[in-house]
């Protein structure tokens, strides 16, 4: 088993006939992911790309014994879709959608945790274990199999760093995008535990950004519990306080969550922090 | 360990300065129950019966390491008191209060179960393991130590039957009053599991009443899982349909939950059903 | 507390559920001008009104007047009709069933729905009924409605209305502290609209303090039961001869059962509850005496309620109400010796067991 | 979305929270007759208004008029004052602090309260601050308020008001989809009443679709930012010279960081998001051009956004807006070769890495 997923992970896609859902389901299949069914209410009986059966509900998809779901429905419907997946006890629930009200996320994540289920996202690029399984939207071509695990709150920035690793001959054991929202299912600490336990992972890259204190908590956790080498990159150094940089996660409020505070915390935990994304491979050596 | 409680069980009382709370806390202590603290907001620093410290909150009572709580506060405040106990992860939560809106009970019981905690009640007489521990309002003088376990939805009727057992030389290993409300923390099946597992218990008495289908479910469960001898008594045979007999549990609606249906279910499960409460000891022989 | 259809529909309307246009009529002068065909529905708390002549149709002003005339003041299924609901007649395409009630087993709300509505749900085959337990901490979510409407084979335009109804119905169930909210039939009109043609709503009595608007009178109770409720007693009138006062709902029911098994018929159910107050005992007699029984049976197992307190209450009541009817008492439990002593000093018969007391009271009341 | 104090107080009032009597004034003619001493408070979205002269007291009609006169049209902490809130003056006995906000760590609401209010909560010692994470599936329950009021050492009559306020404040937080509801100071008056003397409310932007009443304009945004928002772009004006278009919030921030580390100052933040639409790329230029930068840097890592689409968008924008300012492009990822080809055919500079592009744009923009 890789980190959370592997080549046997059976995935369903809630919203498979949508613009995003269909594009990324197709890309996932090209990557090698076992997409066993798609959900699109009212379209049961049809097939996605002539191979993947489409059903009306997660309940109906249970005959395919899915291990994971990708939720790609409009933001107002995400909570409902997530509860539908939780109700069927889908073990891994990845939410692609952005702009989900965080009150909805709080509720659905609380309930999933009560039931012992894992949520990734919302508003993140998902999880990739090259070349076992990809659930999410990371570009297929940037990966290389290897021993570096990446955890990031950002999407494109993750790709930038993963590509830079690949270009420098450093393959990845797992890449998880936590999501850019203030409330997400997995925080760094949850992912760090998985990476520490994963035999394939030798080194870890954390990609952080301004806002909140999850990087600081991660730094503390690394100091106390992580034996593997960790390198970090933090973005938002140049962001003015109080301005929201693009996604809800990235904001500095009342001096809390500045890049300086995060870099300091990492340095104190013995974690080197790269100035530029492209400096990450060098620091990993 | 007895059923759920024993002589080492540390009990707190939420509402210890109330009319009911103080009377029954006193009786429990006479029985031998370890009442370690009482809660009465605003009265911290004082003592109950010169011995039991009174504190303002369950949080403050945690220094006494309680295992169980008795909640005896007015019905509108029960949900809050229960959440307070749940928040502190008190393992056994007994609710004495009657007339708790069942919507409140649904929520608090759901949450307790999510956290792996046990709720007894609302609106029942509690739990007694003679003479280890009594939490609740059963009269002290009716018990005798022995091997008959009793589960009942009713209060005074339980005493009637327990006294009748004692008078016939049959002591009790445990007596649990489930509570007369339509929504209670423990159903017969939950209690039957405990009694089946309890080495001290040899025989089981179920006291049921009209309303709902919990007796029918219990009968089915007994047939499939219980190896010990079970005798039942059902009250409400003479109740007219649609009339609510005293507590919310006791009502016959649309032919569901009649005494006939329950007696039939027990008979089919090989459980003898007494006509009168005083017939129970004879059937146990 | 069972609500009349018109009260249920008021609640539905408040919570955004579609109901037919209509108004309540108690007397001819309440009638509004006739405009279109209407249904005139007796407001009683029993089903089967249609078959019992409690529902009439009117296609003219004259028919409306005469329907109201016939129904108000009549009896339907034995119940007096004091109000009728006058509603627009629906062009019925199909009748569905939907309700939310409590699952005691799951300690959670349960949704029940069927494409076979308009009849008692008990008569619908199990395989045509959709049921779904709802987690009370999460509540209704739209996917449940999608599963239900697929099960019921609803067309898309009906399904979306149906899901909106489920959402509002669940909110009603929660916000109004209901034991039951039932729409039967939920009508699909020929115009393609879903409308709640009936409304059955039961409010949890224990939650009435949060819903003052309903707490005035419970339409199902007799005047004496209402008086008892106001005085804080759990009291039900029955049709026998023997007045009963006991403590605890279970023990009181067991007492009625024992009477019945001994061919004695109880006149009432009265649960004293847990009390150690003489006045509460004495006043219970007032209620039972108003029901005019042949004899009175007291069955007390002392716990919270102390036997001596009950004895004092009985003595007090005997004096205060000058009771000459036979009183048979069974006293056990906390302070029983003292209680029996008080009673024997006042020449009131006591027995140590329920069985003996029951046998005795049936005898003094003159059998069934 | 940050709300002005007066908007926050409207929400408080709607949710049953006690606020001072008061009204909003935009011009002298809005003033009501003077009756009792009042506070006149500039409506701006920064704290520290008192120290900056943004709050005035008036003990006569004349003083009120002149306070309004002085404040409206003035600048407080650099922000133009267009509205003032005229409120009854409170007889302050004590000032408390209370707020509910999001704990990202716990993915749950967190209650923060202190008996030391009226100052920035950051300046209050940790041991004087009560914090409590609230389970979002359960919500606020009164015992939390009892623990808080005990911690704060409140007298019983104040404690019961405080608990009622917490209950309403939590409801406000949930019902209005808030990121923050803060009352600082929560005033205890000499008359023994608790009143919210200030109101800070932040609504989750992503939930604004459920709260149409707020979605008109975000008072914190510049006109250009509002225009961008209306067009669906995530856009922030900054004070440098180099226009920036990138995709993904993280990559865009990283681009600004890289510029800054190279002594280049960004004029803006613009996250294209994930798009494969030429028009969306072209229109992004319109916004950036309106901010009048010295040069424009495009940094794209193709994924959802395809590099060739972006290239076409850039070419289209260059033509449509007749751009003569230097444009420096970095293109990577999905369809990068095709994208670079399109650009080089149109004589637009491209670089394969972010670093090279950043170095180049700082140079052509003429340094910092």
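Quick notes on this one:
When the chains are written out, they are named A, B, C and D in that same order, and each has its own residue count from 1.
We take it that a residue touches a chain if its C-beta (ideal position, glycine included) is under 8 Å from a C-beta of that chain, and two chains touch if they have at least 3 such contacts.
A quick note: this is a predicted structure, and the numbers were derived from the prediction, not measured.
The most distant chain from subunit B, with centres taken as the mean of CA atoms, is D. Across A-D and B-D, it is A-D that has more C-beta pairs touching.
As a whole-number value, the distance joining the C-alpha centres of subunit B and subunit C reads 26 Å. Once the centre of each chain is set as its mean CA position, subunit A and subunit C turn out to be 54 Å apart.
Residue positions of subunit D with contacts to 2 or more other chains are 135, 137-138. Counting partner chains per residue, subunit B shows two or more touched chains at residues 107, 111, 114.
If the chains shown are joined wherever they touch, the resulting network has some other arrangement, not a path, ring, star or complete graph. Taken pair by pair, the chains that touch are A-C, A-D, B-C, B-D, C-D.
Across the complex, subunit C is touched by residues 41-42, 56-59, 77, 79-81, 83-84, 87, 107, 111 of subunit A. Subunit A makes touch with subunit D in their complex at residues 20, 23, 75-76, 99-103, 105-107, 109-111, 114, 125, 137-139, 141-142, 152-160, 163, 180, 182-184, 187, 207, 209-210, 212-214, 217, 235-240, 243-250, 254-255, 259, 275-278. Listed in rising order, the residues of subunit D touching subunit A in the complex are 102, 104-105, 107-109, 120, 122, 135-137, 174, 177, 179, 204-207, 209-210, 234, 236, 238, 246-254, 256-261, 266, 269, 271, 274, 301-304, 332-334, 353-355. Every residue of subunit D that touches subunit B in the complex is listed here, in rising order: 135, 137-138, 141-143, 146-147, 150, 156.
Listing the residues of subunit D that touch subunit C in their complex gives 137-138.
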